[in-house]
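Letters A, B, C and D mark the chains as written, and numbering starts fresh at 1 in each.
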Amino acid sequence: MKQKVHVSTKVNTATTLGELRLKNPLTVASGTYGSGLQMADFVDLNSLGMLTTKGVSLIPWAGNAGIRMKEVSSGMLNSIGLQNPGVETFIEKDLAWLRAHVPELPVMVNICGHSARDYAAVIERLEGEPGIAGYEVNISCPNVSEGGHVFGATCEGAAEVTKLCREKTSRPMAVKLSPNVGNIADIARSVEEAGADSISLINTLLGTAIDARKRSFIFDRQFAGLSGPAIKPVALRMVVEVARAVKVPIIGMGGARSGLDVAEFLLAGASVVAIGTANFGDPLAVERIVHELEAFCAEEGVSDVTELIGAVA
Amino acid sequence: MCKDSLQQASKQKKVVCEARIVENSAVAPDTYALILDASELAELVQPGQFIELNLRQPDLVLPRPISAYRVHEAGEYGDGSYGPLLELRYQLMGEGTRRLSAMPAGTALGIFGPLGNRWPVPEDTKSALLVGGGIGSAPLAMLAQELVDAGCEVTMVQGGRNSDLLVAADLFETTCHKHALATDDGSKGHKGFVTGPLQELLEDADNDFDIAYICGPEPMQIACAALCEAAGLEAYVSLERMMACGIGACLTCVIPTSKGPRGVCCHGPIFNSKEVLWDEAKSARVH
Amino acid sequence: MKQKVHVSTKVNTATTLGELRLKNPLTVASGTYGSGLQMADFVDLNSLGMLTTKGVSLIPWAGNAGIRMKEVSSGMLNSIGLQNPGVETFIEKDLAWLRAHVPELPVMVNICGHSARDYAAVIERLEGEPGIAGYEVNISCPNVSEGGHVFGATCEGAAEVTKLCREKTSRPMAVKLSPNVGNIADIARSVEEAGADSISLINTLLGTAIDARKRSFIFDRQFAGLSGPAIKPVALRMVVEVARAVKVPIIGMGGARSGLDVAEFLLAGASVVAIGTANFGDPLAVERIVHELEAFCAEEGVSDVTELIGAVA
Amino acid sequence: MCKDSLQQASKQKKVVCEARIVENSAVAPDTYALILDASELAELVQPGQFIELNLRQPDLVLPRPISAYRVHEAGEYGDGSYGPLLELRYQLMGEGTRRLSAMPAGTALGIFGPLGNRWPVPEDTKSALLVGGGIGSAPLAMLAQELVDAGCEVTMVQGGRNSDLLVAADLFETTCHKHALATDDGSKGHKGFVTGPLQELLEDADNDFDIAYICGPEPMQIACAALCEAAGLEAYVSLERMMACGIGACLTCVIPTSKGPRGVCCHGPIFNSKEVLWDEAKSARVH
């Protein structure tokens, strides 16, 4: 086994996401951390480089009926349905809490909608509110006017949402891509051209689970989103593909649960890495992973984590 | 969505730590007693609350929520000397509990909590009716002890498939003032569902219950709550749903209530039975 | 825990794949079982419902340089590159051996090629050879004339290969789809229209692995194919989608490793289920899984496994 | 592709079974002795062959190939009475071996084999030179014993990072007629690589080796094979590659040779050093 050399390299973990300056390259995958305040009894939110909130829609969404989660091999399927109390409640309660309690923490507000105008309207409403570092536009929401296909399934749909949102904000704006496509690089390029400042990927892989004894789907909506370590190889591959296709920075995610995983995502081309499913097993996951990443860098003589970004050969 | 409950729960300190297994042994078919060395958490946990247990199995990405059964006072236990120990009771339900059941003493697990709300005890509670079904009796044990210690008259009605599955019956027999039993196969107590003895107790004019606490399989909870409500008795139930984060972040475990969707992990697990929209809730039942 | 009722239901495991009659619905995923003969010291090949061989090309393929496999969470990545000695050697050695030793076993020969004509030529060469139950056309091979994109990435490419192969054979012909697309149902329909008698899915998900300390890809070709339980939820979902889109039977696969998994694939709509990665950990996996499937059926009162096909609601 | 080797190997019976751990203990830093109760397999395995061990970890989908170290005769062992026991030596290399190292006696694992070819011993072999590096000495132990039993003169040259990592040095010291040692840090034997004492032995006119057997890290094997070849000595090496099936089905572990690509699992693991195309093989090295 390789002897670990404990070099006393001082590691600078600070990174940037476009114009945003982050104290470390860790954020959380939208929906796994609430709007942050739910975690505050367990974790120091300031340990995050950036907070990404649960998706916020224009009006309250009730989310899906039936079972919402099933654990599968090295992962989980979820069918939450972006339940949220809507942008007004978000501003009044969550955002106010964040401003009051973690004023220094960059907050990326995740945006969802059932039409391109929905998304734009949420951003328009938030644009005047202080305490928001930027937006992450989730184009994996079902497009109600287009029969439920997600916006992220086509270059045109992805670009449309991006463009309308871009018009409403001068803040940094990430667009979060769906991985359930055959041309992730094309979609990334469309989104970049339409004005995204950064690209988040991957959202969950579309999967299903069946209860063989009941002969029924586990989920009322039949299909659900797969996350966790199971999808890490696919996520890494897509980050590599997108990093080669666009110039804007990438927020990489998909099954990362260790400092080594984060290093892999950085090497693949991500500037920031989101921890998702790993938060569930351990509310302190991000804190631990930041330490692991620092240790990895120290061992490898990396004095600045940004050295790793896109450095795979 | 758990902002309200958060503000309330925030008053309670939370702990994320490592817990070592002190004992993990079968106490009935498919039923295990798990005693954990997690003293800070043991000191905090209230009757009806639960913890999340990270089994540290790489392929099982989610922690397991398990309700507190009781807390052992600090002192000698087995070969060692410990702070307060947290005891849980669990039943084999799937892959996670199966693996947990094979873990020897000394195994280190991740744990965080205490989570959720506690059984509510109004100040003027003089006589309480507890109804437990199967493993669902376990989350009532701490409550029974607390009520008895507070001078309250406690009646426990307990059901199970058979006499082996009357979880912690000895403890309830010792603790409670009255203890009625029912088994599906009649191997102990009333033959049939727990609703039989429950109905009798409710009809008995000598009883003057202030409140009912129900925990068990959902159909049993529904039936028992209906009987209590019909008798004009306020009933609280402890619900179970597939759960991920356990702390109100992911909205996996929502339950429809008359107040809107509520998180079993953060608004619950304990709800006033009248508030639960049982029919709507049915499609997300775990079992 | 549910009490298991040990009903003495006699279970008929026989099924069909179009005109083929199989004694049970189990086969193996191409490439995980050699051409069968390599396994013969360990397993009774006649325990399979059908044998699916490793891919056979017109001329010998050397396969990929560098590391060819990496284990990942609940799965593995492979970059074998369809190494095979070519159709002539296959006929002379492997097929001859199969005819001599397991004459009753239905043998599905998996076909690969770098051009549509390649595929057709392999089938043409095999068509006169006895001892072949049918072909499985793997359209996930890189299309050399189209710059390495796989045929299975587009409806047109998939249909073209299918059509040319169809012209060369009257034997049952399955086409094996790539899951790295956004429109699996469309591709399945194209392939059905072009003459496929059945559809196999899913091939591996495209992923990658990075050695963070070396800052390099694990695989010389950078990307590799993900298989194993990690992909089961995606595979099941795609089987459901394809089963709804086409009338031809389906050979389902992707991470199945137990009788319960097989039941789920059958319920999702597969008529036959292939065991892949699970063969590596246990050469007797298929035999065990057949028994587990029988036990499942007995417990659930299923007297005929074909009852399960597509029966999820 | 393993048709030829298959026909050859077919003469050997193969076993797929369950093996219980009889002993699993650290014998040196990061190095473990694993004794398995798998008597049928133990009776079949030949020097240089390996087995695949299914660790029964749900997230680790592949079995672990490990070479045979030695076979203990049937009889008493520890607390029990056993048929022939199979002993392996393994080093912590990653997640699989890490988990294996934590498994107590009694753990049931899946096993299949024997796999691969064996060290070839031409009929007229009178004097053999064995060269082992690190954990690579282990697959030479059965061979050394076999050669000694056959009346062959056996010289073992063994290297390791330090004296602790001269795997099974005691056994070789007892078994072999000559035993030369080298450590990187000079803590035992020659200070430096194993090539030092090897070169001396090859240059010593008193030695008249018929054949050399080399096992260890690939760069060490290459260097040692080159020295042997230069001295006109036929050398066999035991190779390692990422491996899946272990039986010639999946073509994961191919190695380029002058005869074309060959499977380490089915044509190997043992190859004539002259046939291996070392430069081409480099990109697929495991370590």
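Rule of thumb we're sticking to: contacts are C-beta pairs under 8 Å (C-beta built on N, C-alpha and C of every residue); 3 or more make two chains touch, one makes a residue touch a chain.
Computed from a predicted model, the values in this text were never measured in an experiment.
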*Find out how few touching-chain steps suffice to connect chain B with chain D.*
1
*Taking each chain's centre as the mean of its CA atoms, how far is chain C from chain D in angstrom?*
35
*Taking each chain's centre as its mean C-alpha position, how far apart are chain A and chain D in Å?*
47
*At least two other chains touched by the same residue of chain D: list those residues.*
58-59
*For chain A, residues contacting two or more additional chains*: 73-75, 228-229
*If you connect every pair of chains that touch, what shape comes out? Choose line, ring, star, complete or other.*
complete
*Spell out the part of chain B that touches chain D in their complex, as residue ranges.*
57-59
*In their complex, what parts of chain A are in touch with chain C?*
72-75, 77, 153, 180-183, 205-210, 212-213, 215-217, 222-224, 226, 228-234, 236-237, 240, 255, 260, 263-264, 267-268, 296, 300, 308, 311-313
_Quick check: in the complex, which residue numbers of chain A touch chain B?_
31-34, 37-43, 54, 62-63, 65-71, 73-76, 78, 80, 83-85, 93-94, 97, 220, 228-229, 277-284
_Touching residues of chain C toward chain B in the complex: what are they?_
1, 73-74
*Once bound in the complex, which stretches of chain B touch chain C?*
30, 58-59, 91-93
